[in-house]
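Next up, some structures in structure tokens.
Across the two complexes that follow, chain A remains constant while its partner is chain B and subsequently chain C.
Here is the complex of A and B:
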């Protein structure tokens, strides 16, 4: 494209221009990010990465999807939910039941796993008009616990405490293997990131910002609170159901104890640590919460050798991030920029004083 | 007919026992919430850790149960102080959600520490009074159940007395109603918060020691208690100290009766659904006051 103006386009310049246009275009940036993620299994086949690493990375991708949903709810709309785990579990069971028991196709299972939790989300949206703050958080926890108890108790369908098995998905007649499913996760995450980007940069995002800032002011400006609360909760639960389906197709197993309150808190942690209202930040947050203990801390000399210590360190890490970076990891670049600017100003002031 | 009455009585006693466990845990949560404005999700994990300590001292050093429980109370107080000193008083200005994440960090720390210190094998904690029943006709109540019920009720009453009638209690109530004004009036809010965290730890330990004999001591020991205590708090409302206790006993009764008379599979779900419906009708809990939203 840029070659038209350049009389002697060097390869280097072309490459630079391409990198620049990728950097400037948000969608290309998402795709480039996805390409990097998708290339990771190659490292594994080349022997540079352990086989188990892929499972941990897959987990990060799945939980990044959920965390993006919660970020829409918490970061943009300012509403809190502790029901994430229940809805994710619901999605996983629905996907497993529809593919294994009913022998339906991957797409049908995926659709059901997204649609049914979304209906629940809409119902919670209605409830959220009455209940607020910490009471709303516990009310969503209540819904999550009802689902969890049902997974445990309805043994004929869910397998009870033994859990439920599933298989790698069959898409367009071909059965995927582990790295194929990993690729599916990458595509799912990138599409979710793009969708989230589009949602929050449109009219809906502005309405949500207004709602978070002041409900009364938002209403005065003509924002329909009920509508956007319903949409926020529906989206968060839809993402959770979607991620639940991805989970059961990748892990091939779902059982009740996974979907407890701690998981909801972990997702919340990923959002806050990564940075509210930051799409890449959320992915980094998910990495910190789900992959750092197993991928990083376990490989360190002393910490990794003692059982349990990586998790303690991750807990400490989470507390430290909250204490020192209350705006999340996404706030670090701005802080560095500010720091550099301040140094420059100081130097400029000094230089000015010397010349005068 | 007499049989029916006996069943109801038996269920009621069991409800009071469950209620006492929930009440102590809920009291810990609400005291921390009111004094340091943190939703204490780690209450259960900290209780689990100190209950583990009690069981470990009992089985590995063959200390008597009362001595190991006293030592466990010491552990709970120490960790309460440590958490307050190193974390809570340094995050005063963090947002609500950030504070909740801090308690998640605490959960991870205690979940990681417990198997490291006490091993991965599930342990068994005996009852305080191992045998003996109090019988009225066809109703048999074990002495241990009575002890648990009395402990729950006595501790709640003592705490309320302290909160209402002593200088320390006044300091806690002032901090709860307005922290910065309390500090201006010379209330040592830092000490109040520290005591609140230690107290929450002890209450968590007591509920852990009560529930442990019915199951095995593992890292998941307190999961159900934690969730039910949170529900008890919203049921009773966070605005008062006695609301959550009331909520806890209501939950204990409703839980046991629903599971016996309605369905052992769906009983708990029905209870949670009822709580949800109740919250829709009374969004601030049973005794909650409505907060007026200012523009």
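Here is the complex of A and C:
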């Protein structure tokens, strides 16, 4: 019977097997996820999705990148930064200045937008992290405010309150359009997810886990706390600078008010809601924080009219998650599995009792 | 560093605590303490509650900086070094690694990953190589995963290797801490109350495990333990302290019969000694 089945495998079966092998390979799963994201603009060109929806989705991808960086810091290393917005804004201005004012290539601008905020971050981390982990929160909050004031005041370069314009990127000689840039965001996010996955599952990730879980054990095992805290913070800052550059290339505009403390708190919310130490959870968190209020809630009757809806929504969401799902939404699948297992065990116990 | 170092340890000696003192406020937790541990020896440090045993360990591993005294140690190159003043995270690189009185494992990691933390300093691949999974990072990950599996097998908990440490029984976590010290190929292991929280049969097995570790991994073991049956059964020599001060250093029988030690334990654990 088996032989017969093997000789004439149905298309469905092959498809299923393929889907399963994609699902089982972590990297193929990331790529499949990217493919789904990349296909969304098709919906728009087919008239199934509003053009503005694509902007919101693009935003989600950008903020997912920065949230992944903060997750490295908060979720894995157990440190808090309140300066995410400042560093992201820094990256956005640098990318705009290097492409618009200095007429340098996309790649140079991207490199600068990542490298300069990172170096900045390392310097701040070096000063504050030597004292205590918690000083990082205070230092980053201050630096973020200083950066914000700089964006406002250095008008000749940043355009002051008016903001600064940029353009869709030119890559290898061809200028991207809106959906091309969206595709770039998808690739950037998927790459970020893969690199993050590699990092957290290797020596670096274990060292970060150890720092958060037990400082003394980490030290006894040879983890230099200052070094690994600095690396975590540098990575979070690099992700923020990168996301800032992506932002300005997609939105084509950057101005100071975007980069205030609210944004830093939103990124924090995305990590907590989506799930600390979960890569897909972080992306879901970004979607909930940046897309759901505008795409879904605004269209609802009555609720949609409330002022400051996104704030209320995110606030309520955070409270609910902390109360009921401390591991974030990413913890839900595990809980369901556990629940099913328990029911099965109960049934098995019942069955056993009956037969005995 | 002064050049008395070669004289600080004689041939066959692994570690020497030399006039070590540390006080917290007015309390002298360790008071001019000296003793020497020989290579490949299982050496016990005993004393009533609060005698300063953990503090000695913390001074050796540099979690505390002693007020005075030295800790001489023969590192993996065979050189004699003073550990005092060295950064705490560098101690393991010299071949000295410890466990903690209250188990310190990472709940969110699997047993295997917890053990791999012990190999932290053996990894040479940079963060960049790890992010892009370049050959060296890949090779090292595989190598130490295998090594961690071997250590878990040695301690007979390899069937649980992929389970999260959170929620595991205390006895298993104690073994994970042990495994985490073994993966780094240490020359000296410091165990702070390895039997605390274990049941009788687990404690019975622990004596064999400790001996096996010494023989298989060819290392010296220094341990603090309240379970006198274990200490007396497994240790080659024992040092007893009280209120941070040296009482005696002798064979288990010698310690058992020592008047000073008996007095120190009077009213404490007289039924045990």
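Following the convention adopted for this analysis, the second predicted complex is superposed on the first by the 325 of 356 C-alpha atoms of A that agree within 3 Å, B and C clash if a C-alpha of one lies under 4 Å from a C-alpha of the other, contacts with A are read in each partner's own complex, and residues count from 1 in each chain.
What we mean here is this: a residue touches a chain if its C-beta (ideal position, glycine included) is under 8 Å from a C-beta of that chain, and two chains touch if they have at least 3 such contacts.
As the structure is a computational prediction, the values presented were derived from the model and not from experiment.
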Inset, instruction - Would you check which partner chain A:295 touches, where first means chain B only, second means chain C only, and both and neither mean what they say? - result: neither
Legend entry - First (chain B), second (chain C), both or neither touched by A:307: first
Inset, instruction - Return first, second, both or neither, reflecting whether A:269 touches chain B, chain C, both chains, or no partner chain. - result: first
Inset, instruction - Have a look at where A:207 lands relative to chain B and chain C in the superposition and call it first, second, both or neither. - result: second
Inset, instruction - Identify the partner contact of A:61: answer first if only chain B is touched, second if only chain C is, both if each is, neither if none is. - result: neither
Legend entry - First (chain B), second (chain C), both or neither touched by A:243: neither
Inset, instruction - Using the superposition on chain A described above, determine whether A:322 touches chain B (first), chain C (second), both, or neither. - result: first
Legend entry - More chain A residues in contact [chain B versus chain C]: B
Legend entry - First, second, both or neither for A:216, with chain B first and chain C second: both
Legend entry - chain B and chain C contact sites that coincide on chain A, given as residue numbers: 214, 216
Inset, instruction - Write out the stretch or stretches of chain A touching chain C in their complex. - result: 195, 198-199, 202-204, 206-207, 209-210, 212-214, 216-225, 231, 277
Legend entry - Sites on chain C touched by chain A in the complex: 61, 63, 87-93, 97-98, 100, 104-109, 113, 116-118, 120-121, 123, 125, 127, 130-133, 137, 140-141, 180, 184
Legend entry - chain A - residues contacting chain B, complex: 74, 80, 127, 130-135, 137-139, 141-143, 145-146, 149-150, 153-154, 214, 216, 257, 260-262, 265-266, 268-269, 272-273, 306-312, 314-316, 318-319, 322-323, 326
Legend entry - Residues on chain B engaged by chain A in the complex (per definition of touch): 39, 41, 87, 90-91, 93-98, 100-102, 104-109, 111-116, 120, 220, 223, 226-227, 230-231, 233-234, 238, 265-266, 268-269, 272-273, 275-276, 279-280, 283-285, 293, 295
